Amino acid sequence: MYPFKTTQSYPRQQWYIAAFSYEVTRTPMERTLLDEPVVFYRTEAGAPIAVAGRCPHRRFPMVRAAVVGDALQCGYHGWTFDCGGACTAIPSQESYVPNGFKIRTYPVVEKWQWLWIWMGDPALADLGLIPDHAQLHLEDSDWLASVGGVEPLAARYQLMNENVLDLTHVTFVHAKTIGTSGIAAAPIEVEDRGRYLHSERSVSEPAPTAFHARVLGLNGPVERVLSTDFYPPAFLSSGSAFYGGGTLFGRFRVFHIATPETPATSHYFWAFTRSFGQDDAALTEELRAGWRLGVLEDIDAIEGNERMIDRGPLQNDLSAQADAGPLRGRKMVESMILAEREAELLRVR
Amino acid sequence: MYPFKTTQSYPRQQWYIAAFSYEVTRTPMERTLLDEPVVFYRTEAGAPIAVAGRCPHRRFPMVRAAVVGDALQCGYHGWTFDCGGACTAIPSQESYVPNGFKIRTYPVVEKWQWLWIWMGDPALADLGLIPDHAQLHLEDSDWLASVGGVEPLAARYQLMNENVLDLTHVTFVHAKTIGTSGIAAAPIEVEDRGRYLHSERSVSEPAPTAFHARVLGLNGPVERVLSTDFYPPAFLSSGSAFYGGGTLFGRFRVFHIATPETPATSHYFWAFTRSFGQDDAALTEELRAGWRLGVLEDIDAIEGNERMIDRGPLQNDLSAQADAGPLRGRKMVESMILAEREAELLRVR
Amino acid sequence: MYPFKTTQSYPRQQWYIAAFSYEVTRTPMERTLLDEPVVFYRTEAGAPIAVAGRCPHRRFPMVRAAVVGDALQCGYHGWTFDCGGACTAIPSQESYVPNGFKIRTYPVVEKWQWLWIWMGDPALADLGLIPDHAQLHLEDSDWLASVGGVEPLAARYQLMNENVLDLTHVTFVHAKTIGTSGIAAAPIEVEDRGRYLHSERSVSEPAPTAFHARVLGLNGPVERVLSTDFYPPAFLSSGSAFYGGGTLFGRFRVFHIATPETPATSHYFWAFTRSFGQDDAALTEELRAGWRLGVLEDIDAIEGNERMIDRGPLQNDLSAQADAGPLRGRKMVESMILAEREAELLRVR
């Protein structure tokens, strides 16, 4: 599926962001991930649980189940499942429950203020594959990390990956908010750092944007280093360091995660972290409001892009030097999909 | 198509409820049945007529035709068809109409306050296949039968069949209206009675629901016998007899008919009949209002179910003892579909 | 695709009406034609330009491009294309643009107050294939031609062609506006005139419609000659000449053009021209308002027709004498499609 040369749209044997912590409560919440309905709730002790979105009896939506202690009781015929997925009661036959009756559960890990979910074979769910949250400055005592929000995105996740991997777009898509004309013209360096792909460009300009001037207290000539770290399949940390007169005024990262909902739609989670003004709550709100404008501009651009993907005949897309990042990122995800399929084929044999 | 192991969704060589009598008038009315548009109107003498929903000339919607006497005059080019379907006039060529020009008509039978339609080969339309309305207490001088209404149902008809065939759901889906906690736990008996399938359970409870107490004037301990009669492919009579201290306080039946509109949507007709308070018009309104709440709860549940049917991978549904009724009902309908296909194959050869 | 016996819905190697002149300005405008998104704008000198609706780089909607001089600068990464389609700048690599990078452009011709577009191979775009606008009385000093408007039509273009080619429908579809009962009964003559198909009928009636009486100042017995000229694939001129007591009271033509948007939807452009009251601006408004009622009735009829096309099983459509025009028109379009496919096959070999 575009832009991949595979029929499969996303790898399943991977960790994905599923929800912010605040979204998961004692009331069941349904979210479609990788085209599967998943239901989230918490046990009495607060542990997050993820189960299949439909009852294995007659496919009733589990989001309508009652949470009874740590268990879920289906709202149709009352079948009850403990938080490990085992069926523990079927009303019309009292205490008898056949062996092996269960609902599928998914491995989930709560880190920082969000939940990671493993959509593939639970036996392969390696915690070591989750990006290092300290290194991301999400769990870093010198930085302050804040939730942005979750937005519906009517576009495939890979468009988000490629959008953030080529910051040339900042000049055009974000011309009125966080972009300047110089960014697009700056040369780009792309570096493969193993678990992630790093892309970087530097730009010297007579002044920062009004937004950056305000939040950083920085006027006059500025050196800005923009970079993006891409952790395939769907996690991006993008940010800048601002220097004025050789002095560092501040560093920040914005996290962009488009988790596949269906092959052509996503849940767009975003958050940010900064190395300045950590104690200033008003600044946090100002940053959230400012970056949300950028987030909405990206959504608008990416959804426009999605709308055009399958319209009419098209030769191969043309590419330029600035596409090095997006194209390498694309290859990384494609390799995950292909490796997974190969492993499945070996298992079948 | 789920839950059947057939690609065909419904039998065609069967009688279905098509409309309530009050819906069919001198103004054409269109309804899609078994994925075919059908148009209904009445002759001057009041006889109900059902014809194909589109003109055989250029496929114009016949619902826009003018009723001229007993005939329909198409609203596009004026072709006119008598109530037997024969084309009797083509404006631009005066009195000349080629032999055999006609529009398809469907056998319809008006019984009680609704219309039955035969969607298959008219030659096979056997009136004896329609359920006996006296036995249903629809034409029974000791009972009073009332129209409920017709509701759009965004779900396949078989989900309604199976919903009503397992009254375990009454405890959960109707917890706040017509259900009590004891129903789900009561053992069920299912009996094949030839033309229909009978399912029954009895429950003794300290008190009836507030609704039943009010309409029956029954307080304190109660014996309730719940039963469902299923006449395949799509007619259900479900009801209860209430006893207090050994005395019968009342019997009633609610009719649930989900006639296929398309493979995954239905027209839900409902009605009810009772053996008590037959002269009390206010009671009729109270019963209609009370059961309509139950009807809306069923719609909500069944539509939730439909929404989940084709979402993601699923092994076979798990089943329990209470599924005996639904599974036998499913088999009855499936047999109708298979028998019909076999008969067609024989005819083709 | 119905009603053609071809899988292809429309010929591509033909001129189609794409827009009224007033719709194309210095701000890009997007319109889907023959299932392709096309973007229109004007150069500084006012020349209309049509380019592919998506950027050849990453498929971004070109309707969001900035018009810079005569060029378009894509709103995503700033790639710039001159009005001939050549890529002239890629921001992140300065002056270097690989050879052959370009966006598709379409031949367009502005005549009278609308634009014709050639959706096929530009090398085959023969201006001589466009209907003669003088002959149509669009560029005729004795007539006054006026824009009607453009309306969305949820129906395939060929239904419009066949609707206008059989004016029998005027009696039924336009019974309350521009039709009289006598029209349907009048005999029809159809004549192949090479580039176009001519269909005509005459009717003598005791009085014109209220609309025609008002705008023509004609009361009492009337001779009306109705005719339609069809220029395949999608241009119709339909009109009448009105005579009272042997005197010509007026002639007019209404143009009906359903340009394919997708296989089953169209853009309905309409306009009109007249030989009377050319200096009367109020009359122009009255005519526009009156004919718009007819246009809306046609839309309603044709969309009803479209809605029924693929509903359920149907033997072949029945046809009568009045279908001679529609059927010959259908054959003309079908021949265009087949000839085009044959030419393509020859080219491939």
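We just call them A, B and C in the order they show up, numbering each chain from 1.
Assume contacts are C-beta pairs under 8 Å (C-beta built on N, C-alpha and C of every residue); 3 or more make two chains touch, one makes a residue touch a chain.
Since this is a predicted model, take the numbers as computed values, not measurements.
J.: Quick check on chain A against chain C: do more than half of the interface residue numbers occur in both copies, making it same, or fewer, making it different?
T.: Different, since most residue numbers here occur in only one copy.
J.: Please report how far chain A has to rotate so that its Cα atoms sit on those of chain B, a copy of the same sequence, as a value between 0 and 180° in steps of 5.
T.: In short, 120 degrees.
J.: When the C-alpha atoms of chain A and chain C are each averaged to a single point, how far apart are the two points in Å?
T.: Roughly 47 Å separates the two chain centres.
J.: Mark out which residues of chain A touch at least two other chains, giving numbers and ranges.
T.: Within chain A, no residue touches at least two other chains.
J.: Within the complex, which stretch of chain A touches chain B?
T.: Per the touch definition, chain A meets chain B at residues 32, 35-37, 52-54, 56-61, 64, 74-79, 87, 90-94, 98, 101.
J.: Per the contact definition, I'd like the list of chain A residues that touch chain C in the complex.
T.: 162, 166, 168-169, 171-173, 184-188, 301, 304-305, 307-309, 311-315, 317-322
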